[in-house]
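Here you go, one structure.
Naming follows writing order (A, B, C, D and E), and every chain is counted from residue 1.
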Amino acid sequence: MIIGLEHYLVLGALLFCIGFFIALSKKNAVGVLIGVELMLNAVNLTLIAFSRFGATEVALSTQVFVVFIIAVAAAEVAVGLALALVVYRNRQTISVDRTTLLKG
Amino acid sequence: MDPGFPVLSLLIFLPLLGVLLIALLPGRHTRTEWLVQNAPGYATRGAVDYPKWIALGISLGTLIIALVMFIIFDRSVSGFQFVDEFDWISAEAVGFNVTYAFGVDGLSMPLVFLTAFLTVVGVLVSWRIDLRTKEYFAWLLVLETSVLGVFTSLDLIFFFLFWELELIPMFLLISIWGSGNRNYSALKFVLYTVFGSAFMLAGFLAMGVAADTFDIREIRQDALAAAFLPAPVIFAFILIAFSIKLPVVPLHTWLPDAHTDAPTAVSVILAGVLLKMGGYGILRLLFTLMPEVGADADLALAIIGVVSIVYGAIVTIRQTDLKRLIAYSSVSHMGFVLLGVSALGVTGMSGAAMQLVTHGLITGMLFVMVGLVYDRTHTRQIADMRGLAHYIPLLGIGMVFAGLAGLGLPALAGFVAEITIFLGAFGSQTAPVSVALLGVLLAAAYILWALQRTFFGPKDEKWSHLPDANHWSEFTIIGALMALIVLLGVYPSIVMDLLEMGVEPIVHEIEAVVSAGAGGG
Amino acid sequence: MLSDVNLLGPELVLLVVGGFLLIADLFIKDRRLLMGATLAALLGSILYSAILLTEGHVGSQGFGGVLVVDKFAIFFQILLASAAMAAVLVSTETLQRTPSRRGEYLALILFSTAGLQLLAGSRDLIMIFIALELTSISQYILVGFYKDRWGSEGGLKYLLTGAVASAVLLYGMAILLGLTGSTNLSEIANYIAWQGDGREEALMLAAVFLIAGFGFKAAVAPFQMWAPDAYTGAPTPIAAYLSVASKAAAFAILIRVFFEALGDDLLAEHWKTIFAVLATISMFVGNFFAIRQNNIKRMLAYSSVAQAGTLMIGLAAISADRGELLGASGILFYLAGYTVTNLAAFTVIILIANQNGGSYDIRQYAGLGKKSPWLALVLAFALISLIGLPPTAVFFGKIYLFETAVQSGLAWLAVIGTVNTLISAAYYLRPVKAMFIDPAEDEDDESPMPRPSNSVLATMGLVTAGVLVIGLHPGLLINAAEAAVAAIFS
Amino acid sequence: MSETIFWVILFLPLTAFVLAGISAVNQNLQRQIPEWDPNYPRSWKPIADLFCGPRLASTPLIIALAVAFLLAVINLIDSIGLRGLPLGIGTHELFTAGELVVNVGVRIDGLTSVMLVVVTGVSLLVQVYSTGYMDGDHGYRRYFAFMALFTTSMLGLVLADNLLMLFAFWELVGLTSYLLIGFWFHRPAAAAAAKKAFLVTRLGDLGMLAAMILIYSETGTLDIASINVLADSGAEAGMFAINGLMIGQTAMTLFGLGLIAGAVGKSAQFPLHIWLPDAMEGPTPVSALVHSATMVAAGVYLLARFFPVIHASSTASDLIAWIGAGTALGAALLAMVQVDIKRVLAYSTISQLAYMMFAIGIGGYAAAVFHLMTHAFFKAMLFLGSGSVNHSTNTFDMRRMGGLRTLMPITFLTFAVGTLSLAGIFPLSGFWSKDEILIYAWDHNKGVFVLGLLAAGLTAAYMVRAVYMTFFGQYRGGEDVAPGEHGNEDPSHPHESPRSMTMPLLILMVISVVAGFLTIGGEFQTWVYGALPDPKEGSFHWSWGIFLGSTALALAAGGAAYMFMHHRDRVRSWGIGGIWPIPEAQKFATELFYLDSLAENLLARRVFYGWIARSSAWFDATIVDGVVNRAWREGLTISNGARFVQNGWVQAGTLSIGLGGMIIWIAVVLF
Amino acid sequence: MSDFGFHLAFWSLAAMTLGGASMIIISRNLIHAVIWLVMSMLGIAGLYLTLSADFIAVVQVLIYVGAISVLMLFAIMLTPRAERDNSQNIKTGGPAALVVLLVMISTLWVAIDTDWGAVREAALTDQARLIGESLIKHYILPFEIGAVLLTAALVGAIALARQDDEDAAVHAASLQAELDGEGSVDPVNVVDPPIAAEAPDSEAAS
């Protein structure tokens, strides 16, 4: 069996799902962010897989895309953590199931 | 008739000018303060209430314009007159063109006059309102503009615009100045109308898209063959909106609530002209634009009409609230409009149009009278009243007169309309008309019984303090309404000729398609 | 290259001034100066857009096809910058509440606006992603800008959901990229035209993920859940901004992606169904949730979900045979009308909140019609416009959109839309009722209201005039929208 | 005679109505304006007073009626000269609506001329009488306004040349009847009676309306003459056709039946007779004019007008003949037990109108019209007489009268003459007309004749009973005047009425005596026949058998009644409580054969109001309205409940993104 | 690269990646979760190497392992121990599993079932230079905007994390409200924070 595109894609899909599940089910806001990071990594993996198995221009644009995604992910995490900090200062908690002042 | 002057636009927007004036000029509140400070002598005589005088002036101005138009209306030429038009939205690429087009023909002219007239009545009957008069009269005038707009629009979009515009003043007028469960009623009124408008808009748009124009004068049913909706569906959609407005059973229950809780002037205008928008729409839009479907739907319309007449009348009899009783009677009376329309002939349709006009006057007067009585007794419950005629005989005269007009007494306007409808519709809708005759009897029953319970009977001391009609505004309203009702009752030609002119083209269209259909099939 | 920079002008102005503000913040504390600079930047951006329009740059692509300046983009640039201007103008109170972060606040608004503008002009997936993230991250911060219990919570929720939505969007983009091998929209379109069997599911998955990502920004149900929380928690000018600008840009990019890149006729049938269903869901969800809201910001948040649903009708219509121009221009027109209307509503809400201690409880609006008749009147007018009653902007927007629906054979959607108008009337009229009909709790309270700032009053006047002008003479705007969409569909 | 004359006749009372109306309104205005507006200009007062005087209400009407009567008499003479043939008088278009052309016009022929004289004449006398009778009543002006309006309407009804106009005035007389019955609206009974009268007659009018609609949609014309010519043309193969008009036999029958329904309602024939006795709540002159002499006779007039139509269908003519005969007998039976003098007269009126009805049904056209005329005079006189009695005793209850023979001699005299005339005693006018009808019945329908003869006998009996109770025996004190009403302050000493009341009585008496002689020689019949499409010479019938039989019967019955009343105590001792030998029969009769309670309590109140209307109202409130309200409430509940979805968790948002996206994808891929 | 070696590398890296990711689900301690995340990231970096994306692999290690994880650890360390709980949100667990199952089915189906077109055997060479060139040529605009984005994020994160004068009162009020157990029923009680006292020099004009 040759390890082909599909293998990586399946891997990416599984990772995406695990990340999604984490994002959906963790109590802690940081935990949710971890899940998001996994999802983004899954996307990156998928893109790099396309880069390896696609045409030249695809290869380039996907890798550039991944660079951007990584950068944005970092920025998002930074802002997310800052917001979590603010929430913590206000509420003494960053559990998403307790930050439910706004609902209904 | 082209007076070389946008008289129709002036007519429609004059009330808005009044709104502007009312908004800009000080209301009573400031004026009194000013007077008290600067001219102490005046303060005792009561301050001038600017808004109502402006409203009266403007509505009278509108009435005069309408009257002049009515007089110079060329009765020898059919079609639209006083037409004002220019392109308003022309988005050629997307095919969305709306024309600012207004005009009146024989059908709309009397209704325009009726609107202008009843607005004056509405202003006068509100003469003693002292709650936020500025806003009140402003909204009343907005209401006039919107209704006039509906009756004169020659473009579906403008028709719809004015149709919806009327909701705003109505909502506020009922819920601020109303009584009883007014918030509920106001909201119910709005929601019912909007519900109907939902379908109406869909129908309009389907028509407009298929015909590539929203101009009522240019849309013909042939063009609707290409519509995305089948013509009967469009017809039914639009009919829903008009049925709610008219209203017909079973879409009528907003009406008693709205009428009952509305202030008198609004009840008058609501019953007098707003309901007419439904009947007018049926004639102007449904039957003009879709004669073929209309011709097929005649029996259904007749049956709906008869159900409204008889069922409405039966339910009316059980009402215990005087205003509610009259409101229900409107349901019954407006059923005649559908019955007349379903005749598909000039006679029946003229009768239906006539019913619009006469019912506007008669029910308007009934509501005026009930309103004036309510102003005095502060109850509308029939059970609470008794022997009122002893203390307020003049109002009693007005009430009895209006009631008799309402039950279709000859020499008063209602009779002409009803008899014309009957005579016109019997040939084509024999069974429905036969049943509808019952409505005449039931109308007599509920009106006379209500009169008996409220105005007649022994004196009741608790009403001994009631003042009778005593203000010039009240005499003016009652007198003018009586005069018009009698005038139309004994000399209906003055309006009937116009209406006949208005419906003739419609009937020709119907006859053309019917004979074509008969020839083809 | 220089000409490319020229094409970037409107955004560049914002970015540069934004950067400048970040620095200037350290030295300048005067609110007016900072606001003035921001407004100047936005005005400059609008002017630049206008210059681009008149100077014959229309249709030019820049930066290797990443960015395009067509009338469509310019329409949105002007719309977004105007919305941002309004948001800045009504931010005086917000700036007073956060004296030490004024520069950041204004700069982030500018960055966010630039991001949205870029979004409207993007023709490349990477560009779309970056622009979207620029605006998103700025907005996350802005939502939590007060750093109070509600703002931080709203911001965190917005960020966490937004991050997931971004990931989902990216996954969709990745699949699209894998399928078509390009990030450029026109090249994608070329590849789409050639599509083999067995790829449809993948394409659809990508499309659904894209819809989820963009729909999140537009607050379309079922991707709308962040909106009420974010709007409620955010400073009110930001809520206003989110409700109009984000939505506008999201629809711009939806139109671009789905009808420039994925506009294949075979696919369009699918989009039609999807958008129609989403429209229906959004309208019902938004309206049903809005009915029972007592916080007016939250009510407007839900209403904006419903409005997004109404806009979706246009998207559904574009996919139909004859609906392209009509549907797209309908969306643009509606967006413009909705923008001014919603801004008018929010402006008044801000004014009212400033007067009654920062509260947004509808029940506390009782008696306002007497105390501040003009505010009440404008709010009522805006709400009436939001219902879609004449003579207002949204009235024509609705007619226009419903016409597109009917023309596309989606008459049922028009009916659903108008029935939803009916439901929406029930809650839009609540504040009206409260203001004009309900008696005030403290009837005798004759204490004078705090005088609102001139900029807010001016904004109120401007947007209200906008609502009225569009309502009375919609022709101009319709023609503009028509010209704008001709850039994409022609 | 030019057409203008007839319009003048019509408009004279109308003008009086306007003046009286102004006077009545002004009275009410004056009553309260000074109280309510201190700024009311004092200078208006004299002007206001001018238009307020009570004589402004009555005098113009009397003058107008006098002139109108004069014109009517001139016209009658004219018409006699023409042998009652129709005058060629044009008609005017009032309005058109499509094919419908509505005209107003007058039709003058023998029938009309006679009616004009009757209406104006009786009305004039009644108005003169009323000035005395109503003197001092608070509603004096209103009374004359209504009376004027009534007279106008009645004249219009008589003059109408087309069915629509006739119907319009027909309804208007119904209205004025309503207003006049309810004139003393403070009495609940009067208000209820007014409503009942209007509704019951309107039920009949529905038939007439339907008939009108039917004839219009079948033939396209409403012109009375054309319709009569058509009906007279005779059916060939089930179709009437002449002058381009066509109508089937069935439609013609239905048309006739519709007219009969209208006539039955207006003329208070079985089963719609129930309103007339209650209508006696109105002032007595009203009963005299409206409810005996003119309006109730309008039904007979209508059928006479459309005589060819009725006889174009044997169904219609048989129906009306039997209805008439039955009503004649039934009403007479009921009249026997009434204790209210006006109710006796009311049932008598029903009975007499029934005579005319069956006369028309069996073809006795001229006899019916003749009876109409004579009956108008003597019945008006009887009513006015009862009013005169009431004027001094304040009551209509005969049990409280008695012995007035000497106290009110003129009243007694006129009442007695009226009674004799009604009983058909030679040579009073009632004898001539009634015998004429009986002769006709004998010739054409023996069954009807028997019923009619029995009724004639009963007529004499109940009238004698009434006269006895009122004028003979001891005076039983009358009744004190009710608070708030006007009347004789001292009822224990009744006195003769003022001259304004007795003069009309005397005049009517004279007419009642002499009017019958018109028939001798057949002249009268000739005039009236002139109104038919094929006029013929009238002839005077005389049958000794009938004459002797009916006179003997009347005398015997009257004598028996007298004996019964005179020896009442002895009769009581035989165990006979009332005039009916069996108590159950007595009760059956006093309960008006239970027809009233059947119609009013069971049908109107229980079945219609209690059951149909209540269930409809319930349906309307609970189903039609309730469903909408319920839906709205449920919607709010759902909206409230659905908020649990938006529970504030971040992950609810992300979940909905995933779930929503997946559902869309699955839907798209699968479908 | 030998077939076996490649297989071994792929499968072991895949196991490492997925295993690390799965351990995050199970892990109850947030710090452990971050460590597992690092392991998963490293696995991905290795996978990038197997895909011949050397540059990206390096970036991955640098940014994710080096920066983001450390950032997260810092954030976790800044909050007290009680907040290091990484347990499941039981209420969303069930629906989450359902949704993820759906997503998994669809993504796996798409990944396996789709014909992804031509497959190229040769890997891209000289990636760093090519990417760099691409970034400053073709993708110059996203690059610039990305820079702005990072600036915005930076500034924003600072603005949020920094405790300004006016924030103290806000936070104090929040904590008080938290202790009082206020306001989670219906978000009507959302009130704008009070306007901080103006510095006399800044708003002198107004």
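Keep this in mind: a contact is a pair of C-beta atoms (placed from the backbone, for glycine too) under 8 Å apart; a residue touches a chain by one contact, two chains touch by 3 or more.
Quantities reported herein were computed from a predicted structural model and do not represent experimental measurements.
Shared contact partners of chain A and chain C, listed by label: D, E.
Nearest to the common centre of all protein CA atoms is the CA centroid of chain B. Per-pair tallies of C-beta contacts place A-E first. Between chain C and chain D the centroid-to-centroid distance comes to 76 Å (mean Cα coordinates, whole Å). One simple way to say how far apart two chains are is to compare their mean CA positions; for chain C and chain E this gives 27 Å. Each chain gets one centre point, the mean of its Cα atoms, and the points for chain B and chain C are 41 Å apart. Mean C-alpha position of chain D lies 97 Å from that of chain E.
In chain B, the residues touching two or more other chains are 191.
For chain C, residues touching at least two other chains, in rising order: 126, 129-130, 133, 137, 140-141, 144, 147-150, 155-157, 160, 164, 168, 171, 175, 178, 181, 201, 205, 228-229, 232-233, 292. Counting only residues that touch two or more partner chains, chain A has 9, 16, 19-20, 23-25, 29, 32-33, 35, 49-50, 54-55, 61, 64, 68, 72, 75-76, 79, 83-84, 86, 89-91, 94, 96-97, 99-104.
Every pair of chains meeting the contact definition is listed here: A-C, A-D, A-E, B-C, B-D, C-D, C-E, D-E.
Within the complex, the chain A residues that touch chain D are 20, 23-25, 29, 32, 96-97, 99-104. Interface of chain A with chain C (complex): residues 9, 16, 19-20, 23, 29, 32-33, 35-36, 39-40, 42-43, 46-47, 49-50, 54-55, 57-58, 61-62, 64-65, 68-69, 72, 75-76, 79-80, 83-84, 86-87, 89-91, 94, 96, 99, 101-104. Residues 191, 249-250, 252-253, 311, 314-315, 317-319, 345-351, 354, 387, 389-390, 393-394, 397, 404, 409-411, 415-416, 419-420, 422-424, 426-427, 430, 433-434, 437-438, 440-441, 444-445, 448-449, 451-452, 455-459, 467-468, 470-471, 491-493, 496-497, 499-500, 504, 507 of chain B are the ones that touch chain D when the two sit in their complex.
Contact residues of chain C toward chain A in the complex are 125-126, 129-130, 133, 137, 140-141, 144, 147-150, 152-157, 159-160, 163-164, 166-168, 170-171, 173-175, 177-178, 181-183, 228-229, 232-233, 292-293.
Of all residues in chain D, only 643, 646-651, 654-655, 658 touch chain A in the complex they form.
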